[in-house]
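Read through the structures below before going on.
Same chain, two partners: chain A is paired with chain B first, then with chain C.
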Partner chain A sequence: MAETSNSHRKLRIHALRYNPAKADDTPRIQTYELEEAPGMTLFIALSEIREKQDPSLQFDFVCRAGICGSCGMMINGLPGLACRTVTKDLPADISLAPLPFFELIGDLSVNTGKWMRGMSEKLETWVHSMGQSTDLKRIEEAMDPALAEEVYELDRCIECGCCVASCGTARMRKDFVGAVGLNKMARFRLDPRDKRTDADFYELVGDDNGVFGCMSLLACHDVCPKNLPLQTQIAFLRRKMVLQGTKG
Partner chain B sequence: MKIVYTDVLVIGGGLAGLRLAIGAKRRGHDALILSLVPAKRSHSKAAQGGMQASLGNVAKGQGDTEDVHFEDTVRGSDWGADQEVVRMFVNTAPKAVRELAAWGVPWSRVRKGDREVIINGQKVTITERDEAHGLIAQRDFGGTKKWRTCYAADGTGHAMINTVADQAIADSIPVHERKEALSLIHDGSRCYGAVVRDLITGEVSAYVATATAICTGGAGRVYRTTTNAVICEGIGHAIALETGVSALGNMEAVQFHPTGIFPAGILVTEGCRGDGGLLKDVDGHRFMPDYEPEKKELASRDVVSRRMEEHIKKGKGHKSRFGEHIWLDITLLGEKHIHTNLREVWDICHYFLGVDPVKEMIPVRPAQHYTMGGVRTDPSGQSPTLKGLFSAGEAACWDMHGFNRLGGNSVAETVVAGMIVGETIADYCDKLANTPTVPLGLVREFVEREQAKLAAFTKGGGREDASLIKGEMQDLMTAKVGIFRTGKDLEEAVDKLQKLLVRSRSIGLRSPSLGANPELVTAYRVQRMLKIALSIAYGAAVRTESRGAHFREDFPRRNDAEWLKRTLATWKSESDTLPTLAYEPLDVTRMELPPGWRGYGAKDYIDHPDTPERQKAVEAIRAQYASDRFAMQKALMPYEHLLPEVLRGKNERIDERF
Partner chain C sequence: MDSTPNVIAGVGLADRPRKSRWPARMDLAQSATGLVLGLFMWGHMFFVSSILLGKDAMWSITKMFEGYFFFGKAYPGAVSVIVGAIFAILIVHAFLAMRKFPANYTQYRTFIGHRKLMAHEDTTLWWVQAITGFLLFFIAAVHLYQMLMHPGDIGPYESADRVWSGRWWPLYLVALFAVELHGGIGLYRLCVKWGWLEGKDANASRKRLKTLKWVLTVFFIALGLATLAAYMKIGYDHRDRVGERYTPSWVVPNPMEKAK
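Entry: the complex of A and B
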């Protein structure tokens, strides 16, 4: 592992502190200083702060490997996954804030889980087999290998919330389903096991809280930690929904 | 006192818990899931390489059956597994993978025709059959005779939990997120639910249920270097242990995965080696064939991890500023393969190491990975000593992995156990006699006891620092209770862990809030984690043999004569500093596959006195039923009666139609 010229810098982490459960608390920025270590990620830095400096600092990490989507936060003004953000790629002053839009739990921790569950319920983000039952003893139904890869590509979403946090429409429409929701609709629309038709999908996202709410600012596409093809998926879905909407 | 009532209380929102809850709910029982985190963020998500099920679709999987999967699993376990449970598992795994396919998991599929793969460092052309086109594909994994591991690129656990969590939403199963079970409510013979703390508000309440299931995954975080997520702290194990009644089985059986990236310990999948990746030393020499000529890089994980550490001890590791490591070379697989089938690996290397694995080798070293031990249950998933308590998945010891788990068998176990225990728990709830009369006084007593314990941290005047104790425990476990173990190290670890446990009873907090408070969480968890650490270390100290992942340098042979038995740890009294150990023998005379050589690793072992006779009996049965594998299996070791009826029956394959 190459030694970086930046190692052993003094980092200053400016974290937004606020506990909404405390009646008298007001939001403020708190600065923590610590020495940078080789290979240090924001997960390592924040864990060290909690262990050695401030045991009350709230944040969320689970996998610390960039796959579970727990640690979305604003890192120097942009939404991203803290666990896989390496400090050497950042200036010595690092500002951290919770993702906007989601319910704040405290400090850097937001309730993305609750919002994602609501979105899934609303958009019914599961395969609708329409009563087709499967005999588990029998050979599975074949699926085109390329199509399976395409579905997997869209299935890689980790529901971190970065797309919604960066979304202009979400600022104005609290019920907007976000790129995460639209991508899921594109995923199930692509999946031949889901028997829903465009008419069904239109019912779910054919309005301003769905695909027509998107203003194509596409910050979602730029910040998605999994590099999902959100731009093309939203455009494609919109075209299909326009066709569906103009049918009648 | 706030009480939530449900039929089935599932503690843990990973794959096992989700699938179990779906099963119970579909049988008409209310199921409610408690989860530390949103369900989809559970550690099941981190499973990369795949799920074993003997579909036999790919050319290299042809001829695979439950029988081959069974033997691989038992050999992998170093004969520590319950063979009936392994049979239940291998027969259900194909059904599980097919159910997941129907539910929407984007399994990677077989393409007919020629394709180039890397086997043993060489390019080889494989021709896939026309009739397999579009069926679920399998890749090679360690310790398996056939290519059996079904996968969705290298995000298999991710794709599975997306699908299963969404099915749970479709079935309107509530997941109470950011809730932690602090203790099980019980009267010494029966479990009534759990005392639960809300991690956002700090509120403590009771969840009362007919049946309670612990599906909380592993306990890797008792170690310093682990692939496990930060939530895998073994609290589910601990609350079962703290009942004093329910036992933990084989806690000393801890798996170290060969390829944690160095030094962070983040996993890169066994699929790297399964797809043809090689392990190389400081000289760029591929060393595994020198040690393991039969299986090379694809021996079982315990064997490969030991060989890597052995090679490093010989001075053949690459020295870096963080210590020594081995290289994992997947450059030979080519850019297209890596970007399609190993893309999460690419991401991890890119973000955490600044390495492009298409062009460069990956620094790796074994890291704690899997907890074979767990809450002891019978084959139905129920505790034999605490009625109404069930367990499934990594948290459980029912016990299909014995002393070493095969890659691809854990994520398979989660859903298979969820399917099976989902049915058995529903059967349990169906019976009127099992509907408890809830002793509300007892419930209240348990809630108040937990509240008092929490208050003691904030007002008890203790001076010990929770994070410090936790760190010392983790360092001890990694240094003294790791891949190579000795009596001396283990005794030292047990001694020091006991002292840490005593110190943990005087923890004080710097931030004394009972609400959302990460320090308070560390405080009450570290007390419980120490009991798990002690169960591992003490169990390892007493077991004077080597079996699977438990390797004693001072007792290097597997000793079936004395140690073909399962360790059972209980924690009798809150003032104890050690678990009480008991042993449950495994019955050779009923084994379908009597103990022998695994096919890799050490060849010498001490036989059980019953083995030769059983071996003879098995051979006679095999000869008698040579033409019918099903009849043969039934004569060797009937197991189907243990499976829920809906899950019984043969599995169809291209080469085996019914």
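Entry: the complex of A and C
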């Protein structure tokens, strides 16, 4: 095959190893060498290491297709999804570290789910029908296709945590809801089934842990593996919340 | 629990205690004061750089601000009023922007490490903004106090004497870089923060804004350096006659004399 000729690089993967559950463990970098294969992703590389070299290496994967959001990690200093990162786009030396900010489970595995759950509860990221009774038999109100498309666009967030790990504000201030939270607010604000008003949204994100904490460093926008329009959405939410806040 | 469906449906949300409106006002005020200061500094640079067109040009601009061409008499106090207003806006801006600074050593360390690891341009630019902003607390305060108390000491010889014989040039040199970096980055950030000039393709317009930001920053720093050099040269040549005021040959009598 033509493509194999240039793809037999020797990759050196430097992974941060640390198990916080072990009392005597100290963080260290461990280097694994392996031969690059055509079309190899970091998911394939890490699986090969775990299978053939070191079964103790911890990392998370479920879907291996950029949908589940579990394989977010720091790849040469930048957050990204390991399953969507092709090794051929990287130098032969690849440093891997767990996403900062989130609770470390071990090695490259972090508990994003726990934080995401807390953030979702805090921001009440679900459709509020505001007193309308729940009737599962009632036919849902029709939504304009263009609007449905807009809602869907923002709903593509997979909660991988890359935006939060890349966020200077979140790194300094642990209570910041991050781009993931602000994007969710923008998503529910768009949704006509959610009867909440801007006054209600202000109660959720109208402070320095919410939209006013954002310093517009835009790393979230630049690293988002789903290319969500975070810059636009946060700016939109900021304008709405300032309007709400200055209205009194 | 019986109340669960109500919680999920958001019943009674409107009766909850309301969040403070101040974070919204402060966010808006930080941006608004920054916008005023950023644009003012661009204007300011054009006015002081008039020395590059000659002493008479600079003298005319100074006298215009002192109201000489409107009232036939110079009122340097008018400059103090502008300086006072800018000083007030600066204090509000500094007070609000300070909220974003790292508040303790842990935050400081974390951000430094984060910036280095990410090597992300806009994150690094924010750090530049924070450092230059911190510098400006002191630099701008010194400069503004001087201007507030001695508004009449602006002019081709007056300013040049201050720059050279008064040994103000090191302060102005640092101020030039601090202001142009801080203001340029700040105005760019205002655009992306509020979604101004975003158009249909936010990524493309951000790239254009970033390029424009750098072009303007380089332009204003170059203009500033040339201007500072001009004042230093005039000040050096004038070092034996410090205190002498400049009057264009076509102006008789001296408007400062006339003011008395």
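By our rule, the second predicted complex is superposed on the first by the 235 of 248 C-alpha atoms of A that agree within 3 Å, B and C clash if a C-alpha of one lies under 4 Å from a C-alpha of the other, contacts with A are read in each partner's own complex, and residues count from 1 in each chain.
Criterion: contacts are C-beta pairs under 8 Å (C-beta built on N, C-alpha and C of every residue); 3 or more make two chains touch, one makes a residue touch a chain.
None of these values were measured; they are calculated from a predicted model.
Annotation for chain A, partner touching more residues between chain B and chain C: B. Once the two complexes are laid over each other on the shared chain, residue contacts for A:241 go to chain C alone; chain B is not touched.
By the touch criterion stated above, A:219 is placed in contact with chain C alone, chain B being left untouched. Using the contact criterion defined above for the overlaid structures, shared-chain residue A:149 touches chain B, although it does not reach chain C. Of the two partner chains placed around the shared chain by superposition, neither chain B nor chain C is touched by A:10.
Once chain A of one complex is fitted onto chain A of the other, the partner contacts of A:208 are limited to chain C, with no touch recorded for chain B.
Shared-chain residue A:39: touches chain B; no touch with chain C.
In the superposition on chain A, A:28 makes contact with neither chain B nor chain C.
Of the two partner chains placed by the overlay, only chain C lies in contact with A:130; chain B stays clear of it. Counting contacts as defined above, chain A residues 124, 126, 129, 134 meet chain B in one complex and chain C in the other.
Chain B makes touch with chain A in their complex at residues 37-43, 45-46, 55, 94-95, 97-99, 101-104, 106-111, 133-137, 152-153, 155, 158-159, 162-163, 166-167, 169-170, 175, 177-178, 200-201, 229-231, 263-264, 266-267, 320-322, 340, 344, 347-348, 351-354, 363, 467, 471, 509-511, 513, 515-519, 522, 649-654, 658.
Residues of chain C that touch chain A in their complex: 5-6, 8-11, 13-14, 16, 18-21, 23-28, 99-100, 102-103, 107, 110-111, 114-115, 117-120, 122-123, 126, 189, 192-195, 198, 202, 206. Across the complex, chain A meets chain B through its residues 1-3, 19, 21-22, 38-39, 41, 50-52, 54-58, 60-70, 84, 86, 105-106, 111-114, 116-117, 120-121, 124-127, 129, 134, 136-145, 148-149, 151-152, 155-156, 158-159, 188, 191, 193-194. Touching chain C in their complex are the following residues of chain A: 74, 77-78, 100, 124, 126, 128-132, 134, 166, 168, 171-173, 195-196, 199-200, 202-203, 206-208, 212, 214-219, 222, 229, 231-232, 235-236, 238-239, 241-242, 244-246, 248.
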